[in-house]
């Protein structure tokens, strides 16, 4: 813990180019220990690129990424990372998938399996330890994927649209479940989503990114008290934040992914 | 006692009745008495015997005499040390009761093998019939010639009498009609012989002599006791198959073995005939002196 | 807790279908005989071919076991070689690019034609036969495993990297299981072909006699019933090998047919002191 | 046009069982000609089953489905249907995919191709007619899928979560584009979504379905004036409707798809 | 408008790899000779084998064209038969269940053993050779197309039903193109094997001589260089067939490699009077 006091992750002047295309432009961001940060932004603004950089999958073009003060750029295996696709291995049971991190590094010991079983019992999957992923529902699969990420034991977890493929009821359940885990486990979380409601509901801070080049536009502190119940989503404070965020997002909106569309066909608020 | 190891390389992928002299000599202990430990290997196909001698996978070869002439043409130092049969029993075969008639050969379908022997003999038959290659239809029938003949897919088969009889008699209890050797215009030359690479023969002259003598003993014994001989073959070589087949075949082979000068003895005339047959059909470029092909030096 | 459908009825249905299908083949065989009026020495009736087997049980048992062992060992060699080659090729791109044309070439060469040099080089033992069987078997295995390895989900590989997986462990835990489906497809095709390889091998280098050599002799001696008897046994070996692989596949990939891991497949879970909620 | 005046589709006492499981229980609903109806409901409450019944894919257990007064139950090919998966055929160009309906029924004529090209030019895909689907973005693919549905020429279109797989910016663009088409083409639309904002934004009426057994819970008229701009989503009227709908949806919420979850872990509004 | 990457460099690289790979095979061949010290009449050096071909160009051309035509026609028959069988089996489940064991059986039967009755039934013409080649070729095609048809996206079929598609048109427009990938895999494997079938066919019975029969004659005459020369040509036919299918696949499935439809593939679009927005 040699970094700035209370700062878990420090991103300093991060730049990344794909060929001549600038995907991330001078991104700087500090994430506090135990903080829950949500990242919003149009498709293609570099959210996943940012996560790939922090996770070490990507060799960044310039800048620094400090975890507890140590540079982790280009070093995979230092942080937890979970994607929209659950990526469960169909040939491993729920237990086997949760202990995957141990199996891949040094072999899963009895202790790993016991810890994984505790986790599963505790968070409602105890009866499914011997099951193969194919017999699980989408929500259960995402929960296993999250447990796999937790069991890998990293203090910082990057979640890239983890609930994007779930229907809204399941999603709301999962959001509350995630908040419970976050509270009990005291991890630091960075969370990418396209859903403005979700971002505001979960976050301590919302980071709004802008495209071309990918960069940080605004950072909002969300001061809605915790624990948050679902009906806070229609509270005036929430709606006001949502209005601000949507203005940030769509004041910039082009019809992304819809090339050649007639501008006349679009109603964008002035 | 220390036995000298000798390996015979056969001419065919599996054993059959022509192996009887060797099988008998093994079973009756003639080789052992001569101080030999003889084993037999079978080639991957019916044209690899010489190559196996050349690569050291055999000491003595059993093969068609044409092999020797081809080997000489390719500069392979192979020599015939004894002929196995003394006369030409190959020719045309017809369905029972339908005599082979050269005067009506024109336009007929004749089943042939791809071997050089058939290729060398066909022109003689055609010459005698007064026609050319273009007047008949040659069907490459290989091993299925007799079934094809019997089912009238072909009009005549080419083969050697001992094999044709062995094929047909046990199956349909009837003999085919035949036109063999000189009767069909072909030279009366031997069909099979025993060979060695010259270097092996020179280095192991006594072994080769002893082997030939013991094999001849087997041949004589088997001629006198044909049924027991077949039994010996089947006992040592179960892959030789059917008893009736081998009995018929061996009985048809016996009359071919002994020439005017006894077993095994070869002559300039025989080898001249063979070489000319191949040269006439352009399978070899030139006829070499007979002594290039054979030697009687290992006979007793 | 979990409800597995009993696979027993499924098996029974499969076995039944095979029996009906094979009966149909025999019927077709009889029909060909009736339609063509061919004599028994060209094609024997099924009864005669089966009769040969039962009239010579000791001999047929010995022949079958010889051919079966060649098929089996050659198959193992070919399958292992196929997997190893595929793995190396998948790992080292330059080997892949250079070896792929060689693989195609190996199958374009008529195997019947290369058998002779194999015997000359390797002698008469089991070796040339194993090589021929393996030569035939390895190809579908290599091709399928290569395809399988190439189509492994790239995100799963990235996941393994993110979890800090070592190269070897990632290979064993992620890549290899991912191509087990294609692997078994290749193994099944190879199993059908293996026995043909053994026959070619026996025809080429027969120091021990098996069904292939017997078939050749019987054919040369116009023992047609023997030829077809041997063919029935050879076919039975081929079908048996195929079905054997099908069964191995069933047990080796329980996640395709079952909801939960069977005990033989690491389905045991750590005992849990209590199912009550507790601090982890 | 022999049905009740102005009623395009009449669903009468529709029941459907899968084995002993009742997926739809006595569903009755009238859709007016030219109406835009959105259907919301928890996963598994039978929304897709309802669409499958209307489209004729499913042989219903009981009830009537009348299109313009004619019974269409069990007769596929009478209505347009579009799914979350675009189901574009990779081996057909954009043009070939748009004309798929004609190709599958009687062969595509020159007139069909010309009509499809007009459609594509008009709605911003004219430059991509010769392209294969693989070279299109997700949004463009959904647009082609919608054009395929339009080109099939049915007056009633069923859209089952058509934008569920798109990110929110693209989604908002697509919603506005769909409204434009709907206005110009004067089709009748039934639209399934999980996104409460989307449902309210698009619909004339919102139908909230309830699970176990699948049935209609509430029907709300959405009286927000058209054309609607994006900022209406944070208007008080909108938020009030959203509050009501969420109460309807989540008053019933169990943690669907998350079996064994501890009820204590959920914050559900009373 | 659209940017297609020029495939020319890609082709050049492929051709280069094949050349290098084949050169490596020749090197290996030479090494075997050096290592075993076998004389040229047992296994000839590559140069001699190639020499035979060039010294006898008219004969070799004639032999090659004979074998090539057997391979080609047999291949076509086998491929068509494979597709037709697969289609029927995919459409009629009972045929599928009964025929599948028969397919496996057909490949487990050593083809070399059924060659003789074929000749007796079908005579000496092209027919028995075509049957043998087709027998070998159809299997990978059937298996692959069946797998392909079975894995067609069920939702795409439903979509076709919803659009009111007729059974035949749905089949031609949706199902068949969906399994074109597996189809070509099967066709490629079959192309490798086809030439072996032609050789077996020629060995069984022929009134015309091709490379297979030449190979036998050369073998009998101890013309080892001729044997290997014929083998080289046979192998070349096999590789050529394979590459031919690869090229056909490339042009038949432009959507895998290109962004836009080429003109030869219905890429022409109706002329558009104006690109301006207008009422449809």
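Just so it is clear, A, B, C, D and E label the chains in written order, and each chain counts residues from 1 on its own.
Quick note on the criterion: a contact is a pair of C-beta atoms (placed from the backbone, for glycine too) under 8 Å apart; a residue touches a chain by one contact, two chains touch by 3 or more.
Molecules present, by chain and UniProt name: A, D = ABC transporter ATP-binding protein; C, E = ABC transporter permease.
This one's a predicted model, so the numbers in the text were calculated from it and none came from an experiment.
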Length of the shortest touching-chain route, chain B through to chain E: 1
Chain of greatest Cα-centre distance to chain D: B
Centroid distance [mean C-alpha coordinates] between chain E and chain D, Å: 47
Inter-centroid spacing, chain B versus chain A (mean Cα positions, whole Å): 85
Per-residue multi-chain contacts in chain B, two or more chains: 45, 48, 51, 55, 143-144, 147, 151
Multi-chain contact sites of chain D, meaning residues that touch two or more partners: 126-127, 262
Of all residues in chain C, the ones touching two or more other chains: 38, 42, 116, 120, 203, 219, 277
All touching chain pairs, where touch follows the definition stated at the start: A-C, A-D, B-C, B-E, C-E, D-E
Interface residues, chain D side, partner chain E - complex: 55-57, 76-77, 81, 83, 85, 87, 89-93, 95-96, 100-101, 103-105, 107, 110, 113-115, 117-119, 121-122, 126-127, 129-132, 134-135, 152, 184
For the chain A and chain D complex, residues of the former touching the latter: 42-43, 123-128, 137-140, 143, 166-170, 172-174, 176-177, 180, 194-197, 227-231, 233-234, 239-240, 242-243, 246-247, 249-250, 253, 255-262, 265-269
Complex contacts: residues of chain B adjacent to chain C: 13-14, 16, 41-45, 48, 51-52, 55, 57, 143-144, 146-147, 150-151, 166-168, 170-172, 238-242, 245
For the chain E and chain D complex, residues of the former touching the latter: 1-2, 153, 155-156, 158-166, 169-170, 173-174, 177, 180, 253-255, 258-261, 266-267, 269-270, 272, 275, 277-280
Contact set on chain C toward chain B in their complex: 38-39, 41-42, 59, 115-116, 118-120, 123-124, 203-207, 209, 213-214, 216-224, 226
